[in-house]
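For clarity, chains are labelled A, B, C, D and E in written order, and residue numbers in each chain start from 1.
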Amino acid sequence: MNAAPLVAIRGLQKRFGAGPLVLDGINLEVGQGEFVSFIGPSGCGKSTLLRLIAGLTSASDGLITVDGTPPEKAREKMFFVFQDATLMPWRRVAENVELPLLLRGDAPGHRRERVARMLEVVGLSGAAEKFPWQLSGGMRMRVSIARALTVAPEILLLDEPFGALDEMTRDRLNEDLLAIRSRNSFTGFFVTHSVAEAVFLSSRIVVLGVNPGRVTAVIDVPFPYPRQPELRETPAFLRLLATTAQALRAVRS
Amino acid sequence: MSPSLRSRLSTYLLPAATAAALIVLWYVLKAVFQVPSFVLPAPHEILVAAWEERSFLWPAALVTVRGALLGFSAAVGVGFLLAMALGFSPRVKASLYPLILVLQMMPVTILAPIFVLWLGQGLPSIVAITFMIGFFPVVANTTMGFISVDRNLRELFVMCNATRAQEARYLRIPGAMPYFLTGMKIAGTLAPIGAIVGDFLAGSAQGGVGGIGYMTISYFSQLKTPALFATGLVACVMGFVFVGGVNWLHWRLLHLWHDSMVKKE
Amino acid sequence: GEQRSAAPGPAPAKLEKIILQTDWYAQPEHGGFYQALVEGYYRDVGLDVEILQGGPNAIPTQKVALGTAQFAVGRTDELIIAAGRGIPVVALAALMQRDPQGVMFHPESGIRDFKDLEGRNVMAVPGAAWLTLVQLKFGIKLSVTPLDFGLSRFLADKRLVQQCFVTNEPFYIRQQGVDVGVLLLSEAGIDPYRIWFTSRDYAARRPEVVRAFTAASIRGWREYIDGDRQDADLRISQLNQKMTPEFIAFSVDAMRANRLVHGDPAKGELLGRIDPARLGAEIQRLSAIGVLDRAVALADVFDEKFLPEDVRAVREGK
Amino acid sequence: MSPSLRSRLSTYLLPAATAAALIVLWYVLKAVFQVPSFVLPAPHEILVAAWEERSFLWPAALVTVRGALLGFSAAVGVGFLLAMALGFSPRVKASLYPLILVLQMMPVTILAPIFVLWLGQGLPSIVAITFMIGFFPVVANTTMGFISVDRNLRELFVMCNATRAQEARYLRIPGAMPYFLTGMKIAGTLAPIGAIVGDFLAGSAQGGVGGIGYMTISYFSQLKTPALFATGLVACVMGFVFVGGVNWLHWRLLHLWHDSMVKKE
Amino acid sequence: MNAAPLVAIRGLQKRFGAGPLVLDGINLEVGQGEFVSFIGPSGCGKSTLLRLIAGLTSASDGLITVDGTPPEKAREKMFFVFQDATLMPWRRVAENVELPLLLRGDAPGHRRERVARMLEVVGLSGAAEKFPWQLSGGMRMRVSIARALTVAPEILLLDEPFGALDEMTRDRLNEDLLAIRSRNSFTGFFVTHSVAEAVFLSSRIVVLGVNPGRVTAVIDVPFPYPRQPELRETPAFLRLLATTAQALRAVRS
């Protein structure tokens, strides 16, 4: 969309070891400030694609650049919400959330304040002193989200962050995410199984097919930001929802 | 049975019961096989000997405790650092591991004269020997802990642009604690033995006070078998203190989060 | 199988199986027993003897007391201390009238006499009775380092004094081209016999075996020191690889030169013989330094009736 | 650099380089401090001695290997079973652990005479002593492995109505493997030392063939220091074979799934 | 519903240690063959309730019986799909699925056959020889589902089994679950965040509130079994969906 894309993927192929191709011929250019959702069947390579963008695994063929450099070089711009909560069992909730700030050397006062704010956002202020094993599955995932939000990265990669949450919490976090984005605009890469969520959040939706993972459809979402919760009830929204669901269903047949 | 009663049962009564059963078995075996006291004294004879020899055993124990404590600290500290180096990168591991193995496997009896030559007779050599005997369990365990870190957490640290030092401090070291503590426990049981062997190989009764190792040979050569076993008792007591310390640390560091300690309701 | 080719005479129908436990690996200091074994002197008296080599933990006293071995090699001071602990063992005969034990030192350390050991670092077996006796007798104070069975520390440390067998360690030191001085403990009047012994119980039950063993062993020793010891030496060198012909020769020469085995006839000493008076004096000495838990009488540790007539006769005819 | 070249570099070249560096350091230290050969021989002197003494060292090594192998097997086998018992329930642990600690901490020098009396001088006693020296690292590690089992998997087994034996076989034992193998590695380095010490304490050179421990005393008392170090070399070679075996097992059992081995792409 | 309820819960309270009440005053009777869904906000105690029914944790107060006995005694009747996949990292996919059958002593031939069938159902026939770390998050969860299905228990407890799956896979597995149920009828307890899923699968929906977890609504689902996929499009279904969503939304306010 932009003249100089923030993330550019060209002819990307990925296989693990001598296994079959997991991703094949992925081409994608994502500009500064975009919010791209990936949807597709389980096992089609969405997480792998996110990990490739983050430089956590390397492409078998093709090219990925982030801000013009290889992803490994651009990591300070990015943060990742993994599909699993990935909490450190020996750190309390607040300590887990604090970790990235600690590692990047923020001042203690600032850390405390940001951690408290983000725990508030995900509704876990009361659980700050708990250990991960004392949390429910959804709470663990929310800790992981809070951790990513404290960082306020330029590029945020979210791998099914809201899958384990009830619809209300999920909707609220969707809105919170957009609100945060309107304040300090980040470029988002988002994996979800909820079409509604994808439409509500994204500026673009990439539908992936399976065996191997290929881009089968790209759907532009024309609604302007900031988006209000009421958007979800509008006919235009519901129509795009249906189109997207259709595109997703087409993958399998 | 209330939970607290039950836990007290496990902590105190059961070991006491086992100990009692063993002591009874000891007396029975001694009686049945007619084992004379100069081979295997009865428990009460050992206690009596320990009491009678207290004026020798006590200063000897102090000497040995010093060697054991310093050697243990060295084994734990150096072992931990070595393990950090080994866990740091596969290349460092490939370079250093064989050397560490040689150090561990070279019988200390052979190296003892070198220690004595370089460090002099007495405490420094004893500490060196105790270290040699106890450091490898720490290295082996801690290294295994360092390289067993959860892959997902490792990726989290990559995303955080953590430096190697940060990764060590916040991820690998806490993650390796269960392994490290196990190695430390083994080193703890070995430290008194190491100091005794060190006393044997490089000690002296300079100033008239030898360590427990010295007393052991002395009692052995004088056929004072109950007193000989009393030196063993002293060694065990020392070892229990060390292991107790490590267990306390284990509890302190792990009880809030590790699967080996947390009771899920 | 034992080498019995040299054994003369027809084999008795049934041999009594017994075990002799030595206090160290096979060495010339056990030569007489191997002589008796390989030359068939034991077989001649109806015994099938197995010699178990010792080592750092051979515990001969305990083995004899428990009956694991019938006979063992040791020293009278050890035996007296054992008796003082209530261990029922009795000396039978002396294989050496003089103990080869002594201390070695570097001549440049200026040691001439036991008095000169004052304040020295002495490598010895902790708890050994002679340490206390020497300190008491000469009014000196030693600093003891546990014996490590090696010689490199002695060689490296010119001030170190080390416990030794005059028949043994000096050989290796001199081999390095280093001179070494030796003070024999017997020169200081600390003079245990090297003996073989058995348990009170066995002595009471099988006096004829004890007598036979003792006689054959004395014969072996006599032959070993004065006669042809080739076969025994061969056996010793087979059992212990460090026993080279040169070393054995050195050891036997040292035994001869110091009259360790035969003793000094002028003092009434004779191979095998144990002088009750000298043994009694040793009991007194040990009792005086308090290493005995209970009073030990001469009769507790020695019964001369097992000595052959001729050995006893000499004493009686003194 | 291709990955295979790089891995070959780590596996062979780096240890060789370290070894070379150490040998150079060895010569330099020996020269600088003028350490005489009867204290610390030069590497080539050790090799020469090993070759010259091969007719003694080889049979002695065979004797010691037998003791080490049997003692190692006993340590691993019995240690594993003991750990199973300890991991079985907190009560069994409370009852047995102190006893096991006493066994470990009682200096083996004190128990050696009892072994000698009950088992006789020679192989059985040597095996017993090797066992005593090597079993505790296996017990401590394996126990820690058993009690560190993932809580969630434990609940899965509860839901499967698994018997205790099934839980042990399918959950706790495979889960404890990383710990067990570490303990085994420590026991592997200790086994040759144990057999040598055992030879020392309870061996006999019956039939003219002593083990490496006997040779150690023999060379030590003859001032044959290069040969003495050659016995150390033999011990190290033995230890490397043991550790190599354990490493192979480690690779076999863990390389497909464990974080310490799997390289995530 | 039945004269003798299969699972009876009376006055149930649960707190962890000295913490606050997590569940309070839960009363529920579930008859043979019912399918009960629990919905409620993240952290309200759904997983805890399932674990109480399975006897994996004990009530602080109140009573639970399963088939007239305490849950611990009735475990051979039950199986659990945990919220986390809970796979054994050292067993391959097929071996993981086989585990419960192996533990219960089924014959190898029978085991192989059942494992193959259930891997087919969850669409993982091709991944039978993989290790868990080689799977995507959704694939891991499907392994866990296949494992439970091989057991064919009388009572099946499912804790958000389909949360990590795309809508199509999810719908298909919903239908498969009902098909399996029509063959060997089991009683189901099901936790989900998808109201549509709850309505489509359940005979009854229990809505839980939070802090502490309390039953705030019980909604009977009158549609007869077997249910066809088309049910999802019927007005009656959509109406019930709206009612349920309403009830869920009411929890928070």
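What we mean here is this: a residue touches a chain if its C-beta (ideal position, glycine included) is under 8 Å from a C-beta of that chain, and two chains touch if they have at least 3 such contacts.
These numbers come from a predicted model, not from an experiment.
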item	value
For subunit E, the least number of touch steps when starting out from subunit C	2
Remotest chain, subunit E as reference, centres from CA atoms	C
Between A-B and B-C, the pair joined by more C-beta contacts	B-C
Whole-Å separation of chain centres (CA-atom averages), subunit D against subunit E	49
Distance between chain centroids, defined by C-alpha means - subunit C, subunit D (Å)	39
Centroid spacing, where centroids are CA-atom means, of subunit A and subunit C in whole angstrom	87
Shared-contact residues (touching 2 or more other chains) in subunit C	62, 66, 148, 150, 152, 156
Touching two or more other chains - residue numbers and ranges from subunit D	39, 113, 117, 151, 155, 200, 220, 228, 258, 262, 264
Sites on subunit E at which at least two other chains make contact	16, 84, 133
In the complex with subunit D, residue positions of subunit B that touch it	9-11, 14-15, 17-19, 22, 39-40, 90-91, 93-99, 101-102, 104-111, 113-114, 117-118, 136-137, 140-141, 144, 147-151, 155, 178-179, 181-182, 185-186, 189, 192-193, 196-197, 200, 216, 220, 228-229, 231-232, 235-236, 238-240, 243, 258-260, 262, 264
Subunit D residues touching subunit E - in the complex, by the definition given at the top	152-153, 155-162, 166, 170-171, 174-175, 177, 256-258, 262, 264
Touch list for subunit C against partner subunit B, complex	61-62, 65-66, 78, 81-82, 85-87, 121, 125-129, 143-146, 148, 150, 152-153, 156, 291
Residues of subunit E defined as touching subunit A within the complex	16, 39-43, 46-48, 83-84, 134-139, 142, 159-160, 163-170, 193-195, 245, 248-249, 252
Subunit B partner contacts - residues on subunit A that touch it in the complex	51, 54, 56, 75-76, 78-80, 82, 84, 86, 88-90, 99-100, 102-104, 131-133
